[in-house]
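In order of appearance the chains are A, B, C and D, and numbering begins at 1 in each one.
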Amino acid sequence: MDALLMAGMIVQNILIAFSFSMFLWRRSILSDIAEQTFISTSMAMVLVGAVGQIRANGITPLLNGKVLLLVPIALGILIYSQFFRKYAFFQRWSMAVVLGVGFGIVIMTSVETTILRNLSESVLQVTQVPVATAANNILMIIALFCTVSYFIFTRPRTGALARVQRFGRYFMMVYFGAVFGSTVMSRLGNYIAIIQTFLNNLGMAT
Amino acid sequence: MALATLRSREIVVIILAFCGLAVLADYFVRIPVLRTAVDELKVWAVLIAAFATGVGFFGYARRTIIKTRAREPGWPVLIYGVILAIVMSYFGIFYGVEGTGYSWLFNYVLQSVRTATVALGTPFIFSAALRAFRARNLDAVLFLIAGVLLMLYNAPIGEVIWSGFPVVGQWILDVPQTSVNRALMILTGLGLAAYGIRYIVGFEEMAAER
Amino acid sequence: MITTGRIFDLVIILIVFGFTVYFIWRARRGRVSQLVKLPAVDAFEEGVGRAVEMGRPVHYTTAMVDIGQRTEWVEKVLGYYIMGYVAQMCASRRAQLYVSERDALTLGYVKETLRSAYERAGWPDGFNENMVLWHPWTTQPFALANWFQQVKPGANFMMGNLLFGTVIVAEAAALEGAFQIAYGDTPFLVATCEYVMIADEYYATSAYITKKPLLVGAITGNDYVKMLLLLVLIASVALLNLGIKDVLKWLAI
Amino acid sequence: MVDAKEAGQKTGRTKTLADRVHSMDRRYMWWFLTILVATMLVIDISIPLKIGDETKEFVTFMDSFKRGSVILFSNDNTVTVNNVIGEACTATMRYLLERGVKIVFMSLRQDGVSLTLASLRSIPTVDRFKYGVDYVQFGYYAGDTRVVAALQRDVWGTLGADVRGTACKDIPLMQNIKQCTDFAAWIESGGGSQFTFYINNWSVPYNVPGACIQTAANLPDMTTWYRNRLLNGFVSDQTGSAALSRVLGYPSGLGRILNAQSAAHVLLIALILVGNLLYVQEKLRNQRREK
């Protein structure tokens, strides 16, 4: 087991160095190896995931007597018709089931949760509350109003509407700034993780 | 010919409309038969989606074969990739994801290359910060100020510099951010709902034909 | 009959559906609503013009997904519509348009679009096969960053989400002084690009350019729903603050 | 935005600082950042850690589960996400298992299966818990929102069999789990919008409460849903993970990593400021020259 761990650490560092060589040096056989490793291991993971799921949720219940599952299994196999030009259209049938069910779910959830919950949470008290809360609430209602107005495309952008839309844009910029400021941390998290792995494998930094 | 009939778009539109409207109808009315059917339909969709994810692997295999046959530059690397993929899939499928072989390949090979590749983008953020993030108009000024404040909110150092940074960051998150995010979510939800309705009644399919 | 708590949802779905169908039907009969001209669309001319002045080529890329891979493919298809428009503009102004693509399936389509655009503008020699750059998989952003250093395009269009590659490409292009118009991972684009399309603006742009009844009708329909929702919001806030606390219950019937 | 380097060459004036910065190779930035991060990882300084309300709420939420209740843990981490929030996932699993809460694991991302295994193996007390009774692991399910929707009323049919190939009806833990309402709660970890699938399909129509562990890129979205009262607390990125470990009293390996985060954040802010100062300076100089 220890030999495996040792080998793992060496392979890890070699692959990290290979991956970085694309940026630090130039594209070469080393970076090609790293890239190919990325692609083929990801693909293997995809295949293992698919086989695992088909086994768990198709084959096992089928063997336990749920014969109806033959229909989705057949539809699933039809997806592979796309590799034969003449019969490629069959995959559209299978995708129609996946997309139809998917859109059915998405339509109702986006109306019930995404639209209505967000809308009703924005109906805020501005009277009978402390001044600071009232100010925040007014700001929130205005921000929501301006932002939605920004995306009205069939009214000419003049006069009051134009001003409202400009404020909507400013509010959105604050939002995007917040997203940017947050995203930095998760991006850096990866970067630090890779440096840490590299140092760890070399026996530095614990 | 029969094949031409099967190929027609109407069949696809009918399947789409049936599945979509059945799921929607079940949501609004309680009919036991419909309910059972929709439950089954949802499980089917999940199972078919599993088959669909496998397509990526075969597409990759086919591309690799074509490239190797054509002896494109770097083809030995492609063969290395195929061998690696086959070995990893073999371990994963026949010895299970809990097996040593698959776990080792996952932990030491896949994890490091994936992280390294994504991490390579990070220095570009820093380079961009120095040379491209310009406060060239009011939009960008607001953007950068909010970004910097949120960075100081997220990183523990912010509180050390000034105890007010967490408060300001929290206010940005709670007030302007939340309401704009709500607005954008409403818009996205509306767009998705409209697109979905158009899709399941076959408008998009029909439009693609033209 | 109808499950309680979901009546309002059904009403909204019916309204969305009704408006969409009505406006698509209207648009098909030729009564197309006037869409506003977006600043980003005006900027297309400016960007191409700037590239021509500087004697540099233009670069265009679509989303970093394979077609049919995920739901994002809608973005990619709209990206191709806009590509056709930009290609025409470049061809008529005698600018070279480089398109980078990561999906092998659509390479042929991209080449054909470019070739026909240059032929229609009376400059068939302007097109050559090398103008379609193919970078498979994750190498695209890094390869593009190098390519920007060598070729120094005058304008850069990124129509679609490049995922983690966004900041790489945007930085490289900004460094070479390219005029950038982009849609995608907005937070990284706002400060690096001249014009950024946010969310629905992108869809409106493609509708504005193609004038397809389906797209224009859908956008018009959606506009009315948005205005309706804003009215509901204002009315509810007003009622709530006038002391009618039941408003929130009405929204949840 | 005229190319500063070219402008300098054309007018023949000496290179200013702005020009030099402009023509700098990106690799210098890489080395600078790497050395900074590596230094912070090697040396030991302590920066106090803030513990946010939402993290406290997350712990309160976990405390509210009764002994013996079953929850769904959807580990949708990808490899890159796990680098960031892996520790919080492990801490959550450990805390819940030790409190006697039973966990059903599943994944909406392929990586999640192996990552769950790795997390479970890294729990020191994992041998005390019996597979199939205290916890059970299901594999990867493609279909995103469809999976979550299918789970609403047909858990057995959707999940089928666990990673070891045992059908649901033969797993002791799954005997009474037929619908999503049989779960006391859901906990989701990942780096995307997957937690909204659970909000949309479980929390709103079926009132199954939930919480999530996500990367900071989703902090805005999480805050919004938290304010919409559909998330019972959340853990955000490495700050949140470290805070969670602190609250739960587990050893954390994030101390130095957070120092590196802090240093890198400060560097980024400094770079933005310097870059904009140079930009303003250049702009003023160009204006003067035009006059």
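Basically, a residue touches a chain if its C-beta (ideal position, glycine included) is under 8 Å from a C-beta of that chain, and two chains touch if they have at least 3 such contacts.
For clarity, every value in this text was computed on a predicted model and none was experimentally measured.
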Chains linked by the largest number of contacting C-beta pairs: A-B
Farthest chain (mean CA position) relative to chain A: C
Inter-chain centre distance, chain C versus chain D - centres from mean C-alpha coordinates, in Å: 29
Geometric centre distance via CA averages, chain C-chain A, whole Å: 19
Chain centre separation (chain A, chain D; CA means) in Å: 12
Touching two or more other chains - residues of chain A: 22-23, 35, 38-39, 45-46, 48-50, 52-53, 57-58, 98, 101-102, 105-108, 110-115, 118-119, 121-122, 141, 144, 148, 151, 172-173, 175-180, 182-185, 187-188, 190-191, 193-194
Set of chain D residues in contact with two or more other chains: 1, 22, 26, 30, 33, 80, 83, 111, 113, 139, 141-143, 146, 149, 157-158, 163, 216, 219-220, 224, 227-228, 237, 239, 261, 265, 268
Where chain B touches two or more other chains, by residue: 24, 27, 40, 42-43, 45-46, 49-50, 52-53, 56, 97, 102, 106-107, 110-111, 114-115, 117-118, 120-125, 127, 131-135, 139-140, 143-144, 147-148, 151, 154-155, 173-174, 177-178, 181-182, 184-188, 190, 193, 197
Of all residues in chain A, those that touch chain D in their complex: 23-24, 45-46, 48-50, 52-53, 55-58, 60-61, 64, 66, 98, 101-102, 105-106, 109-110, 112-114, 117-118, 121, 175, 178-179, 182-196, 199, 204-205
Of all residues in chain B, those that touch chain C in their complex: 24, 27-30, 56, 63, 117-118, 120-121, 124-125, 127-128, 131-135, 139-140, 143-144, 147, 184, 186-188, 190-191, 193-195, 197-198, 203-204, 207
Touching residues on chain C, where the partner in the complex is chain A: 6, 8-9, 12-13, 16, 33-36, 38, 137-139, 142-143, 164, 186-188, 190, 198-201, 204, 219-220, 223, 226-227, 229-230, 232-234, 236-237, 240-241, 247-248, 251-252
Chain A-facing residues of chain B, complex: 6-7, 11-13, 15-24, 27, 40-58, 60, 62, 74, 77-78, 80-82, 84-89, 92-93, 97, 100, 102, 104-123, 125, 138-140, 142-151, 153-155, 172-190, 192-193, 196-197, 199-200
Complex interface listing, chain A residues touching chain C: 22-23, 27, 35, 38-39, 107-108, 111-112, 115-116, 119-120, 122-127, 141, 144-145, 148-157, 172-173, 176-177, 179-180, 183, 187
